[in-house]
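For reference, chains read A, B, C, D, E and F in written order, and residue numbers begin at 1 within each chain.
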Amino acid sequence: MFTHNKKLQYTVRVSEPNPVLASLILEQFGGPQGELAAAMRYFTQALAEDDPGRKDMLLDIATEELSHLEVIGSIVAMLNKGVKGELAEATQTEADLYRSLTQGGDSHTQGILYGGGPALTNSSGVPWTAAYIDTIGDPACDLRSNIAAEARAKIVYERLINVTDDAGVKEALGFLMTREIAHQKSFEKALYAIEDNFPPGKLQGIPEYADLYVNASQGEGDAEGPWNAGPQWRRLDDVVGGVPVDGGDGDASVGLTRSEQSDLSSFAARTMSNPAINPRTGAELGKSGAA
Amino acid sequence: MFTHNKKLQYTVRVSEPNPVLASLILEQFGGPQGELAAAMRYFTQALAEDDPGRKDMLLDIATEELSHLEVIGSIVAMLNKGVKGELAEATQTEADLYRSLTQGGDSHTQGILYGGGPALTNSSGVPWTAAYIDTIGDPACDLRSNIAAEARAKIVYERLINVTDDAGVKEALGFLMTREIAHQKSFEKALYAIEDNFPPGKLQGIPEYADLYVNASQGEGDAEGPWNAGPQWRRLDDVVGGVPVDGGDGDASVGLTRSEQSDLSSFAARTMSNPAINPRTGAELGKSGAA
Amino acid sequence: MFTHNKKLQYTVRVSEPNPVLASLILEQFGGPQGELAAAMRYFTQALAEDDPGRKDMLLDIATEELSHLEVIGSIVAMLNKGVKGELAEATQTEADLYRSLTQGGDSHTQGILYGGGPALTNSSGVPWTAAYIDTIGDPACDLRSNIAAEARAKIVYERLINVTDDAGVKEALGFLMTREIAHQKSFEKALYAIEDNFPPGKLQGIPEYADLYVNASQGEGDAEGPWNAGPQWRRLDDVVGGVPVDGGDGDASVGLTRSEQSDLSSFAARTMSNPAINPRTGAELGKSGAA
Amino acid sequence: MFTHNKKLQYTVRVSEPNPVLASLILEQFGGPQGELAAAMRYFTQALAEDDPGRKDMLLDIATEELSHLEVIGSIVAMLNKGVKGELAEATQTEADLYRSLTQGGDSHTQGILYGGGPALTNSSGVPWTAAYIDTIGDPACDLRSNIAAEARAKIVYERLINVTDDAGVKEALGFLMTREIAHQKSFEKALYAIEDNFPPGKLQGIPEYADLYVNASQGEGDAEGPWNAGPQWRRLDDVVGGVPVDGGDGDASVGLTRSEQSDLSSFAARTMSNPAINPRTGAELGKSGAA
Amino acid sequence: MFTHNKKLQYTVRVSEPNPVLASLILEQFGGPQGELAAAMRYFTQALAEDDPGRKDMLLDIATEELSHLEVIGSIVAMLNKGVKGELAEATQTEADLYRSLTQGGDSHTQGILYGGGPALTNSSGVPWTAAYIDTIGDPACDLRSNIAAEARAKIVYERLINVTDDAGVKEALGFLMTREIAHQKSFEKALYAIEDNFPPGKLQGIPEYADLYVNASQGEGDAEGPWNAGPQWRRLDDVVGGVPVDGGDGDASVGLTRSEQSDLSSFAARTMSNPAINPRTGAELGKSGAA
Amino acid sequence: MFTHNKKLQYTVRVSEPNPVLASLILEQFGGPQGELAAAMRYFTQALAEDDPGRKDMLLDIATEELSHLEVIGSIVAMLNKGVKGELAEATQTEADLYRSLTQGGDSHTQGILYGGGPALTNSSGVPWTAAYIDTIGDPACDLRSNIAAEARAKIVYERLINVTDDAGVKEALGFLMTREIAHQKSFEKALYAIEDNFPPGKLQGIPEYADLYVNASQGEGDAEGPWNAGPQWRRLDDVVGGVPVDGGDGDASVGLTRSEQSDLSSFAARTMSNPAINPRTGAELGKSGAA
């Protein structure tokens, strides 16, 4: 069960309203690398988790991410505080309001549609979607997903810090960025505390394909590194000559009943593109001067 | 530039049509952990990449994933081959067709809307979306995302193998699953070949928050492990007492102009929910017997 | 700031696993009328709210909805507990697993893609989207939206109760349903404690159109009631004769520069569908026997 | 059956093209509070409705909203009329066209992708989705949803009026805004003409939870009002001590077969994050200077 | 302006409720090839259209498609009429209701979430999206899109007719299918009445690339037909040898300032995946038995 | 199977970085008329295709479109090359970076979220969705869809050419535009090489409705042309008088069991909006001065 205390985890001091900056910062409120995505990623994992250590850790971090959602949302709310009142009370001229809403970013939609409140969209106004969440219910995968997600969130905070010169905003973003680093460390520990975590799952790979590197892109720029060269790798350079790798005919086939075959034959005959004719086409009808 | 050879990378031999199984397997064609997501994740990274080794590797693997998209799509096409002809030619009774399309999974939509062709949806019919792609243009993040994505794809293949008893399908899925293991290895090598990859990015974290563990979820079930205990961690258990962590007042504030303040005051006054009255409400009007 | 206690707000006792029922109940986990939508609707309102009473109420209820998200997610996790282990360990035959996943609802995707964990989708597998949230930052609107949302959530719980005969599930759903009733009451009180809440906003309507009822649908079935008849209403029955209601010409016009007019004329001339000819078309080319 | 008359319900007189303003106004064409959402909300309700009075009212208002969609779409078309011709005929320099399309809002996409025609997107270019429609097929809910939707649409019109100084646009928006007020009145009458409309549905709430207020958010800012205080409310302040409210153990449980338990145990053992070790992790490998 | 008459354009006589069939038929209510997509495709075109003949035709057909939306929605409403009452009144046992909702298709969501009303989703429950609409504001394109859309809608109706043995449903679907044929004819006439409609737009293609066929897929199965062979085509078979077709170096380049170059160099150096080392990786740490 | 060569199909020479232009050009990378949509439209068709000529053509063109995706993505990458380094290395002031990211278009999101890499979104930042793909598995439909799609892509390229004065960008866009013309020709040939392609499918239309034109939109502006007049058309002008066209009663009906009827009656009685009363409503409670 969740409870809430009205203090923020980190104090938010914004120097002055700036709806364009607000719209950039939405990236971490309702964007793919933002705090709702983080909270929901870990919370959904926690609900299905049976390992006591991981379950506790996932609940701890999910809960903290909700508190970060509150911090980042409060920054957005402060940055939009000016436009909120102006749009509701309309004491400025229309032209002034129009100008203040069309200076850049996605601030126009934040004002007109959301009235200056923080909306669960990214910086382009795209509504948050659970398609951002990659939880699949296997810990050796989900922890890797969490590690990657924390790394991404760290960088988006870094970019926001780089474009902001409001000292209070910068400071709060720095705190949030640092917490992603700490969370990544926790998830790393939990992953490697699974003593047999690679490959994930129970099935082992088929040996002949597990150390094969397919050099599918060739030409100037072909390069070597530990990811495709060295004793552990078998490398396939004659890619076309080497298919199919299973030694079969490289076709797709299926066993069909006579009735299924008959239907498919009828369909094929009825819809054949006859290669032997050169039909007059709509494009030809549509060319200037065609009759 | 891409080229194509009509042989598949792995031969597809399906024993008989099965549109329900086809709809399950769509998960790896147009689902979030599927082959299009993989190909596009690596391809978008490759286009912006300036590191020659990684660029080559990303192009190699992106290209191979397109070939896997072809293999998995061919399996789906074979499994739907029966319904494709039956629906087009309608030589069966309506009741038989109705039954064959409503046996489970998402096979009804695959037949009615897509005519038995493999559609870029997941197993529930949700259209593929680029929201699945988590590329952010930083190699220390993107490689971690790739490692996690390969791990997830491996597990979804494992689950599909576990529910399929068609030997040819099982074999092709086993090949595809193994290739995800190999790709994960390549991405791991490329990540750790970045000699300073943690934390990602250029900014370091703020020391006092980088080793802090916030025990935000408490009660029976609280646990310890290397992710929150040991010499590297400072642990915050008095979570409420400890906020805000920065020692400020834990509020959000913004500097406003007099005019902005005035508008906000007017708005507040006009829309105050007066705590001192007990208004009659719509719910009360709506109760049975209310007059 | 949020904190979490590991006890649920309401004890969840599920009699036996049932992945199909799990997929139905997802409607209230990741569906449009579900608990995440509720929590986020109130939380986003709270962040921008300046009225102290409403802000407190919105935070109270948002926080409770997160606890409900945990209860409903725990029900789903329990109902999927069987399939979770079976799919990971694969100790059953493939055919048994296939059957258990294709019995109905969206259980196949819940198993294959999410591994039996509760996913933020509705009962059809559609990922949760912030498009479900109708917060617009005006309290006289947002409270009405909240009232309606609580009413809808109440009914979806009622329907789920009606299809479930698992006593423990039924009991927990009954608790959750009742809390929606209580929340609706709170929102009603807060709305009507705004002493001037209709029409919402600052601008009054134009008197001649504010009590007009347009009888736009006519024919057998035309009916009268307090919504369109009685002293308060002026009713327009000659709908076509009555347009435009402003007495203008009913056209759309815009002032254009000479250059803009010239471009539009060129475009129009270049792309005119000439009414004076009867062209041969692609459809005619494509008719059987056309030459 | 629908019919159409070429006159608009309200005459549209736009003073001059302005693609940025056009993109703001799209909010009411293809946005969540816009006219298509309104029309489809009422139309889908009407189709399933068996109450003759409501069915007629819903069809009347749905039809009128389609006429409003036409008015608002005509405003957008007029505001985009300049860019439409310029982009098609390209008689200006590229630099002039580039400038006219990148002045703000979402006008660039409206020009490049939609050629200046009104597109069913909101002001950020997000395509309209039926996820905006909250119809659930219960009149005591759907009418409340309609009331709230009309209130929201009223405010979005008010905001658009506040940012526009084109007199003709302002006038037409004022008409549309007023009609939302009138529609809200009709829906209010229809709701309260259901003599027992609260709580919606057939099931009553469980008495002990129906008047309970959970003070889930605490700290400075806690407030009282008719929504949580007074004789009708029982208030729970010791939130953590009070869970679970049912007096159970606050855990989630499910009855499992022996085989299910066995699979889960195997899975748990195989994937345990061992709390007793302090593993070396990827993050440690990736730190600068790590070997 | 739209008006509505309560008679349907075609009488709907459904023999008995069938929620599974209802969910299949939703394909033409809220699916990509359905009637809302058709109505909105033509309506958005009409609003921006300046050609009087096409504008009238587009309004005629858009309006008729709304009437078809009503017919198809009425079929769905009738097929769901049984479940609507049962779910609301709950006079059956829970088990009976559960069974009736989980027989296949997407009927469970239609019942639980939408209460048996027709929802703007496809047959898988995917909400309708304006992403289905391909209007771009050029008549030579939009008419081609309309022709294709009518063809697709015709086929989806044909498939639905093939799976339905309810005579009344079949008859109404037959009417709707036929109207798509008639609409396609109208759009064909309007397209070819543009006397110079190919290529669409004002710019001509670059001659050397306009008749080139790139044989990008090779191997067994290479075929010839009028689409790639004959006097009008120049064919490129040596695809790799022939790139880049412009005779340049086939690379991508951009002019950068010194400062931009410097930043990119720093970034590259900082994040180089060093090809000369063979780093120990997370995957190696995670292998069973790794220390 | 796909292979890749590192040379581009067309050399990309960009004069200088321009993130705003980059965001416009994204329309053809991840937008609805862009190259991924094209590639996936043809590739999904190819997988299910049994006609050897079409299968080969679809694979050829799908593969070439992937090469075009690479060209257009490379243009975007070059245009964003400046911001990529600046944001990662942060050697400029925050204010300079802020300015460079908020100059227009969607460049702010491209920088902050995607780090300057080409993302699979359109020019407004909307993620690519498979909802753009209209493949339905019938060649007489799919080829028409392809023809229309090529026409639309041609026009979007034309518009981009019209707003760009970078010579290298213009040249590459001209090449890509021309290829769409060539592809349209191929698809036209393949369509008309189906000797009986209209109407698509196997079922013929009902004669009395196949040549009927419904004049559903009336009033000033009614027009005639070959699409609604001439010997081939029967025209219905008395639209309201003429419904239902089948001579039935124009109602929707369904056969119900006694139990279903009883439930519906109970539901109707319970939720009747009583037309005979004039209830006091929430709107009246909410009016200023209401008691």
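Simple rule for what comes next: a contact is a pair of C-beta atoms (placed from the backbone, for glycine too) under 8 Å apart; a residue touches a chain by one contact, two chains touch by 3 or more.
What you are looking at is a predicted structure, and each value in this text was computed from that prediction instead of being measured.
Participant: Spell out the chains that contact subunit B while also contacting subunit D.
Facilitator: A, C, E, F
Participant: Spelling it out: a chain qualifies if it touches subunit C and also touches subunit E; which chains qualify?
Facilitator: A, B, D, F
Participant: For the copies subunit A and subunit E, give the interface type as same if over half of its residue numbers appear on both sides, and as different if under half do.
Facilitator: same
Participant: Between chain pairs B-C and C-F, which one is joined by a greater number of C-beta pairs in contact?
Facilitator: Of B-C and C-F, more C-beta pairs in contact link B-C.
Participant: Nearest whole angstrom, what separates the Cα centre of subunit A from the Cα centre of subunit B?
Facilitator: 7
Participant: Counting in whole Å, what is the centre-to-centre distance of subunit A and subunit C, each centre being its mean C-alpha position?
Facilitator: Comparing mean C-alpha positions, subunit C is 24 Å from subunit A.
Participant: Among the residues of subunit C, which are close enough to touch at least two other chains?
Facilitator: If we look for residues of subunit C contacting two or more partner chains, we find 1-9, 32-33, 53, 56, 59-60, 62-64, 67, 74, 77, 84, 88-90, 103-104, 106, 113, 115, 121, 124-127, 129, 131, 136, 138, 140, 147, 155-156, 184-185, 189-196, 198, 201-202, 216-217, 219, 221-227, 240, 243-244, 250, 264, 267, 273-275, 277-285.
Participant: Over in the complex, which subunit C residues touch subunit B? Could you list them?
Facilitator: Touch residues, subunit C against subunit B: 1-7, 50-51, 53-54, 87, 90, 93-95, 97-98, 101-104, 106, 108-109, 111-113, 115, 121, 124-127, 138-140, 147, 184-185, 188-196, 202.
Participant: Considering the complex alone, what residue numbers of subunit C touch subunit A?
Facilitator: Result: residues 1-9, 30, 36, 40, 43-45, 47-48, 56, 59-60, 62-64, 66-67, 69-70, 73-74, 76-77, 80, 84, 88-90, 113-121, 127-131, 133, 135-138, 201-202, 279-282, 285 of subunit C touch subunit A.
Participant: For the complex, give me every residue of subunit C touching subunit E.
Facilitator: Subunit C residues touching subunit E: 20-21, 23-24, 27, 31-33, 103-106, 122-126, 155-156, 159-160, 162-165, 216-222, 239-240, 243-244, 250, 264, 267-268, 270-275, 277-284.
Participant: Residue numbers of subunit F touching subunit C in their complex, please.
Facilitator: 140, 191-192, 194-198, 219, 223-227, 230, 240, 273-275, 277-279, 282-289
Participant: Mind listing the subunit A positions that touch subunit B in their complex?
Facilitator: 5-17, 32-33, 52-53, 55-57, 59-64, 67, 74-75, 77-79, 81-82, 84-86, 88-89, 91-92, 126, 129, 131-132, 134, 136, 138, 140-141, 144-145, 147-149, 151-152, 154-156, 158, 161, 171, 174-175, 177-179, 181-182, 184-187, 189-190, 193, 198-203, 205-206, 209-217, 221-228, 232, 240, 243-246, 248-257, 259-264, 266-267
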